[in-house]
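Next come two complexes, and both contain chain A; in the first it sits with chain B, in the second with chain C.
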Partner chain A sequence: MTQMPSVKLVDIVKRFGAITAINRLSMDIADEEYVCILGPTGSGKTTLLRLIAGLTTPDEGELYIDDKPAIEVPAEERGAVYVPQQYALFPHLTVLENVAFGPLARGVSEHEALRVAREMLEMMRLGHRANSKPDELSGGMQQRVALARGLATKAKLLLLDEPLGALDARLHVELRYKLRELAEDSGMTTIHVTHDQAEAMAISDRVAVLREGRIRQYATPFHIYMRPQSLFVAHFVGGANFLQAVVARRHPEESVLELHQGLKITVRDTTHQSAEEVVAVIREDHVNIGEYAQEVDSGKFNNIEGEILSSRFLGSFVSHQIRLANGDVLMSKTPTQRLEKPFPVGKKIVVYFKPSDTMVYSYPPIGLSRELRVL
Partner chain B sequence: MIFFLGLVLLPPIFGIVLKLDKVEEILRDPVLLARSWSAISWSFILAFVVSVLDLALGVPLAWLIVRSNPRWGSIIDTLTDIPFIIPTVALGFSTLLFWGPEGMASLFLGRAVLTPGLVLVVLLHFAFSLPVVVRVMVGELSGYRGTFEIAAKTLGAEPFTAVRTVTLPILRPALVASFLLSFARSLSETGATIVVAGAFENGPILIKNAKDAGLEGPLSFVSFILIAGSIIAFLLIKYLGPKLKLPVSRVWPKTERKLSEPSAILARDLASLSVFILVVIAPSLFIALPSVRAVFDGTLKEALSNRGVWSTYWQSLVLSYVIGMIVTAANMLTGMPMAMLIARRRLGKTATSLMDGLVNIPIVVPSVALGVSLGSFWRTVGVLPEFWVLTVSHLTITYTYFVRAMSAAIESVPSYLEDTARTLGARPLTVFRRIIVPLTKYSLFAGAILTFTRSVDETGAAAAVAVDLKTAPVLLVDWIRGTVAVSSSTQSLGVGILVAISFIGLLALRLAMRRRR
Partner chain C sequence: MPEVQIVRLSKRFGSIIALEDVNLDIREREYVSIIGPSGCGKSTLIKCIAGVVVPDEGKILVNGQAMGDVPIQHRRIGYVFQEIALFPHMKIFENVSYGPRVQGQAPQSAKALVDELFNLIKLSDRADSFPLELSGGAQQKVAVARALASGSALLLLDEPFGALDAKVRADLRYEIRKMTADLGLTVLHVTHDQEEAMSISDRVVIMKAGRIIESGSPLELYLSPKMIFTANFLGEANFLEAKVIQQTSAGVVVQIEDMHLQTLDRTRRVGEEVIIAIRPEFLSIAEGLGDENCLKGRVADIRFMGHTVRYEVETTEGTTIYVEHPICLGELEIETMDEVSLTMLPHHVMVHSVPERGLEKEIQLE
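This part shows the complex of A and B:
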């Protein structure tokens, strides 16, 4: 197998007038890696992809593809195939002509180009649709043609811009795994842009969380979910409860935080100083609800009395909104099978969660709501 | 770019500047000055009145085309194109005959209904600028999403209220655009206006008369004011038009309920159709009658014998078509890159919108004034033989049409198709050849036909520029005005042949459009 490229971005800056779309961004993508760029609308995802594709030039910084400087290389010579959300199948060409477009544009003989195109279509199990026009195909088929077209160029790098965004919910879930499988089989390095955190978590080797043109965290999906580096990442990926607190006491093994109205919880974190203002973060699925306080062998739980404000049945989960004794409101997500039935509104209950499941961050200087703001 | 600046934009500007010294002449002659100002004022008044009338009929008519039974809609739609496709000189002649002593109207009244003059000019301008309004409004209305209107209706608005307070304000840019186009067209028209004007004089007619009389002063003065005035008027309408407040906040439920009743709608449709047929279609097509008569009364035989006046006629016709073909080819070659520049904003935002505005100038400025200016420029430069001066002038005048048609078409091709093609390994030229051209080929064809017919049709500029050479419309104006004495049968056939060829053009355009759908 030929050596696949690595992509390396160093201190890239891209401005559009007064707006800095990409702000000193650096990242590496390894050979054959599948990386998702995850971020809210306007975070610079598409700009980043277009920079790598050669469709936009950065104002500052360096870009290497396969260890070679790439900024001066025009888009048509980069070997980086860009697939926009709409797939960009050429409407006036047949499926076969679409797939043969790349090789022909690169100067391959017509005979050879068509042979390669047919081979790619067979691989995607679309050989029988070679003579169809793109608009006669379903969304899923169009996506496969777009991929076949990319593969036929023998490009080393696949750049997908919201490739599942145009599909309905069910197909969306089905095709995300298929996409990953195809990219893996072809051995291409793939950079996939999305705003859908579930999609990014499900298929990538690594996820880069982007906000305002900067990478906020670049790690495996597991790492990002379990150990988010910032309040924003915790909020944007997976969702969580955020409780304002002050560090009341710090012990060698654990700390005690004081919430509103003097309510205290124990956390495993010991990195924050006494009297420091902090935010305690608990994932919704780590918040348990019971009728009585809990105590187990592996360690004690934080037990807080509360009252059910609302309950929603979501199929495999039940979501409860709870008001704690001190007035703070928490969300909890419980697997349906662990409940006999959702708790009724107004029911007095006990909320309990492990100290080790509580992450602690310094209170952000810009304020909590601005830090968490997605747009 | 260089082509645009060198051949399209700068010559008219320099041309008029070169003639500015002549303006002094007229400032010393109060009679000529008064006559010039009156002609200029009439030009603008006429353009304004005609554009208001055009909107008043054009909007209900476009509505009827889009919202009625598709078959009827399509027939009316095709009919609307007729005044557009008939060369304006022919339209003028046809209108003159229709309202004149031997016309259809006199059959019922026993005398000529209208004699050449202001009223006939208004009717004529109304007829040839209406298609522009209908074309723009039909395009907008068929792309308009009815959901806003439905939402308004479910909120309790009568249909008429919904249209008045929701649909029309949303379509305001289109209303402004069609007003502008019909304004520019009325301001610019020369050939047909001369034919029906009688003693009435507006700017273009004065220019033509002044040229025939060898009066350089008024010629330059009126050209200059028309060019400057039309650009100012264009800018005013373009920037102030969208700020015009429509009365949307008030509702008159009772009146509007009445206006929404089926009987009211039927009355409106019938009224607009009758006006359309009586004032626009019938006068436009009337030329067919005398032309057909001329075919059988021996005039055709005479024409084919290529003797006397007919020899010059055929030469003029060939000249018109040769110029048309050269102009079309040159436009395709040079207009495409300009269309790309504009559609893809290659020059950045500010420069692109400036360029976008500049490209409009040849369409906004009265072509006869443009012709005066171009003639002055090229004769001063003095390197080109008259044929080429004529050709270049036609190029200037038609340039906008092709660039406009193409830039709109290219804009409708999503830029991500180009981006993707490039990342697949296609160089810019390959992208252009294999993606842009195939996806815009119908517009390319339509733009070419439009350019060609517009070139063949042009009277004002052709008359202003040339001294010895006469294109077919210019020759026909001479025939009809009696500058060259010919029989009425000869006039009719001469015009009829030009019309027949234009109809073939319309047919080709229609077929191309149908294939696109």
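This part shows the complex of A and C:
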């Protein structure tokens, strides 16, 4: 049985003067699904969310909520709760009263509203500040109060605009799992806007990558990372190395690419023609580093000599910048578990990676740097 | 001679204690990051050094000279904070050379440094632009150049990248790090971003409730923190209640529920109650019973997060353990409800005393 989509957008267009903020965008969000809209600043994410919330009207296209046309439905009758980035708390009410306002406004008894409000504040680790006034709290705390107020409404559809944006990094990681857990437990359909790819990947069922008002890819986090449909998505989500190349030979099972200065690598991809200009993309965590003299099975791996340019310890990962023999520079990310100490700068090493870990794209007509540009 | 010495510094705002007996030595050319949760006092500390907040007690020495009576403009300290504060009506070049000019430095001598700074921030071709014509990241680089144009050898950075997008921020931190190393500066950098602090610092200082609780190299603090708060704050950790049951030549063996783990800790006694901390990425997961040094449980949830996969594993007594690492094809066969073993190396098992006020309170972020 196919699930009834909870939210459906069809060919939505929204213009602001000469700027097209949303450009023929269609997407479905299933009942109880958790979807992140991910994109750089100015990609149209907030506009998209406000369209669904009913705070702005599209110029063209259709919007359905629970299969019913929704464009003519006023915001307050859409069954949705919208938590904007600029959270507006009532300054004269306590934190608890602010949160209880959510359910109260939906006609819940005062006793029940306060009970739910307390529960949500505990969840947001703010139980001890229930009686404070908003202006006594830090920005991050105020944001959590606004989020608690949204969650406390138990609305069917939750629309969140950068709900964790003002939080310290460590708390951010902790609360994003809480948020997901809570949305799941209460059966809410959630649309969550963010520019933080790690956040989107960690909590979504599906991620929609937005650029210039269009969806560039809409898939599970696993698919977006493993099979990005464009160079932009590969760059914006997860990050990668981008090497300019020409297809030197095409075989039935694999191709040989020629990089700068005649350096050759083997790739599994066979969809590009001989002599075609391409970009080879290798995720940083697929670039392995070995000792200089190490034997690497060249039947299984591409292996290239290189030198460490810099090394950085990032906690669970160590990041190395490597100059290859042909002058290209690669970034590599190794789990700390596998590498107790970063390699020192200047050390000669061998880089190796699998042909199947290299993705190949046609060279973009607008040029590589413009294709990858985030802003 | 340490470049900066902070001795017994305290500061209160009304009833709130912002700094309590803070001591810190920073060596010449050292890059030190200060991190801690909101309200831990990290910004107050840097403001005291900059001279914009006056401490109640204690002293600050820069190159041996007490800063107590030195007014801000004579401290020769570069100070950059989160809000980009360039003069909007002045061109970039005028912004950067503003300091030397108002201090009455000879135009020629000031120009050499200003030119060098422009080269280092790679914005020489934008010298005639106005601040708002540049991206946020570029504006913040200009702010750093301006802070250094008067010849300061000490740079204070208070969340300088806080207002920027994640990708821009990551690039900029390495650029600023390289620039300060090239100029031979001593840097004190306040941030709330653990990864930022670990990736660029010689030393990381952890603050909590107005005090410095621990400091060390990023590797030391991440792999073997002395404080349980640090173990949680600098990265994720599973915390498990355990009991020391045996001493071996390698270190003590602890018992968690009915499972035994070898550690390298030699300081605990048999019978002692301890807390074990293990990072999710240091656990290897496999179906069935593992051999040595492993925990056992049942998979309650699996979540793919792009390049990593996160498992929630429950032990027989209901303790939750998280495992997270890069997706490895061999592991894709593991499914929810499977019995699994979680194997780890003894040196990845961190052993801590049970905190007096309880674990929850000890690792609380605010």
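Brief remarks on what is shown
Rule of thumb we're sticking to: the second predicted complex is superposed on the first by the 296 of 375 C-alpha atoms of A that agree within 3 Å, B and C clash if a C-alpha of one lies under 4 Å from a C-alpha of the other, contacts with A are read in each partner's own complex, and residues count from 1 in each chain.
Criterion: a contact is a pair of C-beta atoms (placed from the backbone, for glycine too) under 8 Å apart; a residue touches a chain by one contact, two chains touch by 3 or more.
No experiment lies behind these values; they were computed from the predicted model shown.
Touch criterion met: A:E76 reaches chain B, while chain C stays clear of it.
When both complexes are overlaid on chain A, the residue A:T41 reaches chain C alone and has no touch with chain B. When the two complexes are overlaid on their common chain A, residue A:M201 makes contact with chain C while staying clear of chain B. Of the two partner chains placed around the shared chain by superposition, chain B is the only one that A:L159 touches, whereas chain C remains out of contact. Look at A:Q86: by the touch rule set out above, it reaches chain B but stays clear of chain C.
Look at A:L171: by the touch rule set out above, it reaches chain C but stays clear of chain B. Look at A:V374: by the touch rule set out above, it reaches chain C but stays clear of chain B.
Judged by the number of chain A residues each one touches, C leads among chain B and chain C. Touching of chain A by both chain B and chain C, each in its own complex, is seen for no residue at all.
Chain A meets chain B in the complex at residues 50, 53-55, 74-78, 80-84, 86, 88, 90-92, 101-103, 105-106, 149-150, 153, 155, 159. Chain B meets chain A in the complex at residues 414, 416-417, 419-427, 430, 434-435, 438-439.
Within the complex formed with chain C, the residues of chain A that make contact are 40-41, 125, 138, 140-141, 168-171, 173-174, 195-198, 201-202, 220-222, 224-225, 236-238, 283, 285, 310, 312-316, 319, 335-337, 341, 374-375. Taken in their complex, chain C has these residues touching chain A: 37-39, 135, 165-168, 174, 192-195, 198-200, 218-219, 222-223, 232-236, 279, 281-282, 284, 303-307, 310, 324-327, 348, 364-366.
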